[in-house]
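Structure below; questions to follow.
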Amino acid sequence: MNARDVFKPFLMRIEQVTEEAPDVRTLRLVFQNEDEGRGFIFRTGQFGEYSVFGEGECTFCIASSPTRQGYIECTFRKAGRVTSALAALETNEIVGFRGPYGNVFPIDQWQGKNLLFIAGGIALPPMRSVIWNVLDLRDRYRDVTIVYGARTVADLVYKRELQEWAGRDDVKLVTTVDPGGETPDWQGEIGFVPAVLDKLAPASHDTVAVVCGPPVMIKFTFPVLARLGFAPGDIYTTLENRMKCGVGKCGRCNTGKYFVCKDGPVFTFAQLQEMPQEY
Amino acid sequence: MESEKRSIGREALAELISQWRSAGKRVLAPKRSGDKVDFAWVASLEEISLDHVQTVQSPKAALFPRVEELFSFRSADGRVEVRERDLGALPETVVFGLRPCDAAAFTALKAIFNWDSPDSLFSARLARTTLVAVACSSADEYCFCTSVGGGPGAIAGSDILLTDLGDGDFLAEIVSEKGRLMLQGAEALFRPGAGREKERCLARVEKAFDLEKVDPGLARRFDDDAFWAGQSLRCLGCGACAYVCPTCACFDIQDEGGITGKRLRCWDSCGFGLFTLHTSGHNPRPLQSQRWRQRLMHKFSYMPERQGVLGCVGCGRCSRACPVDMNILEHIRAIAEARP
Amino acid sequence: MARIGVFICHCGENISATVDVMKVAAEAAKIPGVAHSVEYKYMCSDPGQQLVKNAIREKGLTGVVVAACSPRMHEPTFRRACAEAGLNPFLCEMANIREHCSWVHEKGDATTDKAIDIVRTLVAKVKKNKALQPIKVPVTKVAMVIGGGIAGIQASLDIANAGHQVILVEKEPSIGGHMSQLSETFPTLDCSQCILTPRMVEVAQHLNITLFSYAELESLDGFIGNFKARIRKKARSLDEKLCTGCGLCTQKCPSRRIPSEFDAGLGLRPAIYVPFPQAVPNKPVIDREHCTYYRTGKCRLCEKVCPTQAIRFDQQDEIVEADVGAVVLATGFDIKHGDFFPEYGYGKYRDVIDGLQFERLASASGPTLGEIRRPSDGRVPETVVFVACAGSRDPAKGIEYCSKICCMYTAKHAMLYKHKVHHGKPYVFYMDIRAGGKMYEEFVRRAMEEDGVQYVRGRVSRIFERGGKLVVKGVDTLLAARPLEIEADLVVLATAGIAQPGAEELAQKLHVSYDAHKFYAEAHPKLRPVETNTAGIFLAGACQAPKDIPESVAQASGAAAKVAALFSQSELVREPLIAVVDRQAPPVYSSCVGCFLCQSACPYQAIEKEEIRGRDGQLLKTVAKVNPGLCQGCGTCVAFCRTKSIDIQGFSHEQVHAEVLALLNRGERDA
Amino acid sequence: MPDFEPKIVAFVCNWCTYAGADLTGTSRMKYSPQVAIIRFPCTGRIDFMLLLKAFASGADGIIVSGCHPNDCHYSSGNFHARRRWIVFRGLLDFLGIDVRRVQFSWVSAAEGAKWAQLVNETAEHIRGLGPFTGYQRLRGLGVE
Amino acid sequence: MSALQEKARELLASAAVQVVIGYGRGSGGAARAVFIREATKAGDLVFDGTCLQNLAVYLMKPEVRKLGKAALVVRPATLRTILQLAAENQIAENSLLALVPSAEEIVLLATFAAIEAHVAALDSDLSTAEKAELQRFTALGLDERRRFWEEQFSRCLKCYACRAACPLCYCTRCTVECNQPQWIPVPAHDLGNLEWNVMRAMHLAGRCVNCGDCSRACPVGIPLYLLNQKLVSDVFTGFNSRSGISARSDNALSTFKPNDPEDFIR
């Protein structure tokens, strides 16, 4: 009975709120109880259950890098009951957090390789964690390429960080918006992510690809990567199945024999190929 | 597992139950109401039905209630206070009159709830719950416990198994330590049971399919969309099967209240179309046939592989409860018998 | 991130005398999401409003609650103030702690607590408010007037004179309506045609008016400002452009014994005819039902005599389409005919006639050239009985209402008769005399006192023929219910005014509502008497209910003023407090299941069907859609929707739900 | 129950009853402070679920009031509401829920005095009925 | 081969329909819905006293719709459901055939007008027994009724079998699934169960055709039919309106009469 109840959330104080895009926000959370915070360790790729008391819980990846200690961040779009309630909170208000849950991006295995990050829309957050993690350990990796697309310019999240990455000479950043989503002063690409990727044609040799995006983007990106010569085992993604418990019990994220919350959320394309298309 | 056998008369059994009640234990047992028999909180043996085949619902609610409070909270003036449940205050419970299949189902529930990270509320309820099963003297066409490793007189999972010997006596097999502790102080109510034979009093449940063939059959059929669509065409997508099932453990977590409130855990079902629906509108399992397949795969394939336990005990409740006669036995048999 | 400002007004002492405003401000400050809470003596004063504006700017408020008087009083004031400070005005709500609290309760804790409850409720609401933008609907500045009677004529002229285009649609070959059939008009007894025909000519000559006579509305789609009308121009069998209206054809036409509609069946006309000499347009039509050529294939005499070769026997109906921004319905009324009064022998005895027929008898242009003569034998009647309320105010006959004009025209008829037949004996059977109107009572009194018309209060029970006379049996209720028998030469029934026969069909085409008698329903019986429930469609004249000429004209001018007001802007700007139907991204598109219960519940026909189609054009679903031009924001549809797919801006599900919960959670606050 | 002060929620339409209640105020007529008003555009807008939510949240009584028949600002919203209430009321009664807890009325913008009287009488009536424990006790039942 | 089987065979063989939705033999002597798609399988059809399900529920199921034009074996309530669904814009004219089984001859109804005519000849009122039961229940005291329903609803699992079995519960988003705001608590506790059942009854008011499938579907045996019959009765006595008798009628609750009763309104 000494073990912490799996459903009991940590109380987190909102330290900072950042407006990323219309209805998209990033919250920076710190542990209300500093002792709990000191014992808290997570790795990139993991997620948590965030809650507004009285409204419920919802699942997001931890969008900050484990290398940046003392806080965690999550980025979400205001859509349902809980995210709407989260979006209504202000600095210093308290939210619940359970986690970290799930597996991780095996960034240790990626040492010495080129890294290609491909993200769409609101799926940049999981990628942001791993990108910062890699950039904070920059000398362990070779080329870092980021391809990021959103529906419109306004929908691009982490605009400040995109600028920062664009300004670095050790990162190649390609941003794109869907046709019609551009503004007059838009400097980036125009087109859907898979098409832009196809045009960019990054080398696949000794390269790991990480793809995060809506199901439809993932569906169309995998064939492009395959054509470019990426092996299914070298393509990583994170699944965003609906979850409630986060610990393999509630049954919601069960996809084939996998429980996305326990066995994922990080999967290789090789694993996905063996899974029923229920994600 | 070697069990200790005793015998007990009906009156003594009634006395035993009233002793439990006097000791502050809750007794959950089958009770008849109209043409249905279902588990209910009872005060005495008189209220308990012993002559039915099967209850509508399983007794899983004893450990996994329809709605339970995970914790309560109070948030005001910028502060949040989480009040954990006092697990020590959970009531002592006897589940009486559950069937051997139900007792076996608790094993599956344990596997789910304590998979890697223990579920403290479930475990606390479990620790305070004793299972006094009653063997089956009758069965119906929906029963298939023998096909999934159980039997009408199987003792696995029970703390105590009673068998109505037909002569006014029950054979009591004390299966577990918890069962033995349960009877401490009530020894006088029992007589020795050695030599009493229960087999002749048990229902006959013929083996309906070869379990070994089910998982391969499912694997073979997995991508046969027409097959699943055919099986599930009349399925209406309600949650009756899951809610009466003794091993279905899918749940939802919901908050209620405003400034003060509770976080609740409540039953859910993979058969509901909205179970997997994303906020974006994307649904990984949009079709009823996929959800039906998921139900069978989960019980007969995923659970054995991941949790090492079969997710079906052959109680037949889902088939009986189904408004449109989705008979799981019939469907599983079709899968097991399908030619490679 | 809610940052709500709460502004509590003392209203001098109107609020602070019974409500502890300091405590309200202090408690409001504790409500989650409230970033600013102040009280002030007069919040509606300039410095008070400045407080609100400054706080919006300085504290970055996302919502404002002004706890003061009724929103019916100062909501516009504070919403404007918010807008001036850059906050969307719909993010401001008023907590009514004056009319609903300080003024109606005694000083004390309970009153202060209630004020706090009200503030908390409105804070909860405003947190769920959304920034809304006014709705703008483009307006086509062309009006369509349906019906060319006096109401339609007046409306057309008024709109046209305001500088807007008018399309006037008249189903008969000429405009003029019932008024053109009348002899003299009460209470002045001036000649009807003398005052009407100049107006008719003005219509014909007005540059802003396009007249479609002998035409009917085929269909109307669209909504306020943006209707699409299809008008069926019935075939006149004539090229109107060539026809000069010389009248040769009508003189030569061999089929001449057709009852004249204009003369209410008392006169005759040829098959090619102009309804009456002053008709506008003065162009004949061929009545194909009676025309020899159409019946037998031979004749074509009119074609032969026509100097301009204007006759077109093969002419087809023509459909004209027009974009219009507003519609005025002025289709007028009809009167009860036929076998409705078997007990009065109407339709059986030729000398039992209705009021309109009497008008034609009395009219100088009528079949008798103004002489009162019996239809049966042409004799001048010595005794005439006028029966008022023939059908009206008779629930047993299904007409409960008063036809309103009969009292006056019956008095007029009796007078006209007396003026023309000095020795004649006019009797009037009546139930009550309703002579409300300028100079009306005086007029009736003149009939009684100066012209010696015998008024008998009572109902006529039967009329039958006896020895060449019409025996009128009735009861004089003023004389101790004495039974009465009058031997008359002519009986004139003031038959009930009823809706036009096609009224219902037309209403359905226009989606306007109508009452049980098929009269068109006004949007509000008192405050919106010239509007229908369908925005952009207005009413004029007797199509709404029986009316006399001055009333019809007044309403027509009222309708015209409404149209002119609508046309005064190129865009119609409305408050966005309207219903909206859920729309979301594919694959769901909308949570609406398209049961359209909302559609039948909507009093404004604002709910349309929208077909959602996939990229391949395949129909995915049909869902409800609210026309923002028509919706008035009542929210009746909202409460019907089972899937909660329709919501009303300003009183949304989230807003009202939050209010209910907030209002009742005082217990938690105290706990 | 001498100390019991009922909690009463009034769901009213904007055009008649809200304005009527304003008139009560401008006429300085006094009534029981236990009633608070929630404003709706029309009685037709009032979802029956809101009444249930009010009871579940602790209301002891409810007033629903709008324009008199034929006076609806939107011509027929109150007629639709009336049908809804006929059915809803019948159902509640059938379920054993005391419909005396819900007072329906028509109060026009001119009936400031009627509003005061309605509120006072309803408050008195609900005071007599006591707290709505029959409904409020449901909260929390069925949660283990 | 029975007349029904013969008719089904003929319809399938002539491709007049792609599927016949009817009753077949199920577990334990019960009947179950079958979807006959080949003429040779028409022999699986049965029709007898065990065939109770309102098969119109399948007209709303996307998977069944995909099968093509259907002939539906109907009971009287099924026909009324079809008309009600038509009135609610859910099924189109000529999208189905209704097969009315009878001893002598199978009546085939191809148009809504034909169904309307058929329904007009039926008694759509509650049965005498149903009325008597309602009467009996209404005569109970207020507290007795409350206790009865509290006990019944306390057993509700919120498995939504009632909703799934109901052909008029075709909404793709049920009120219970709306959570902004959360109209109805998701958990099956007593308050949530009461609100759920009140909501469902209200949403069926003026629409329910009293087929009884919700009660039959309820695994724990809650007599939901009582609620529906109460409302059927109230809607008829109050507004002289019946559901499912016309393919074009307006719902009783989305229409009104100026003189509707209002003795309860002050």
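In order of appearance the chains are A, B, C, D and E, and numbering begins at 1 in each one.
Going forward, contacts are C-beta pairs under 8 Å (C-beta built on N, C-alpha and C of every residue); 3 or more make two chains touch, one makes a residue touch a chain.
All values derive from a computational prediction rather than experimental measurement.
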| item | value |
| --- | --- |
| Partner chains shared by subunit A and subunit E (touch criterion as defined above) | B, C |
| Both-way neighbours, i.e. chains that touch subunit D and touch subunit C | B, E |
| Identity of the chain that, by mean CA position, is farthest from subunit D | A |
| Greatest separation from subunit C - chain, by CA centre | B |
| Between B-E and B-C, the pair joined by more C-beta contacts | B-E |
| Whole-Å separation of chain centres (CA-atom averages), subunit D against subunit E | 34 |
| Whole-Å separation of chain centres (CA-atom averages), subunit A against subunit C | 61 |
| Inter-chain centre distance, subunit C versus subunit E - centres from mean C-alpha coordinates, in Å | 42 |
| For subunit B paired with subunit D, centre-to-centre distance based on mean C-alpha positions, whole Å | 46 |
| Multi-chain contact sites of subunit D, meaning residues that touch two or more partners | 48, 53, 70, 76, 80, 84, 142-143 |
| Subunit A, residues touching no fewer than two other chains | 80 |
| Junction residues of subunit E, two or more chains touched | 175, 180, 183, 187-189, 253-255 |
| All touching chain pairs, where touch follows the definition stated at the start | A-B, A-C, A-E, B-C, B-D, B-E, C-D, C-E, D-E |
| List of subunit D residues in touch with subunit C within their complex | 5, 7, 9, 14, 18-19, 21-26, 28-34, 36-42, 44-48, 50, 53-54, 57-59, 70, 73-77, 80-81, 84, 116 |
| Sites on subunit E touched by subunit B in the complex | 26-28, 30-35, 53, 57-58, 61, 63-64, 155, 157-161, 163-165, 177, 185-189, 213, 216-217, 219-221 |
| Partner subunit B, residues of subunit A touching it in the complex | 1, 3, 5-9, 11, 51-57, 79-80, 83, 92-94, 96, 214-215, 240-242, 244-245, 247-252, 254-257, 259, 262, 276-279 |
| List of subunit B residues in touch with subunit D within their complex | 65-69, 262, 264 |
| Of all residues in subunit E, those that touch subunit C in their complex | 88-90, 170-175, 178, 180-181, 183, 203, 250-251, 253-255 |
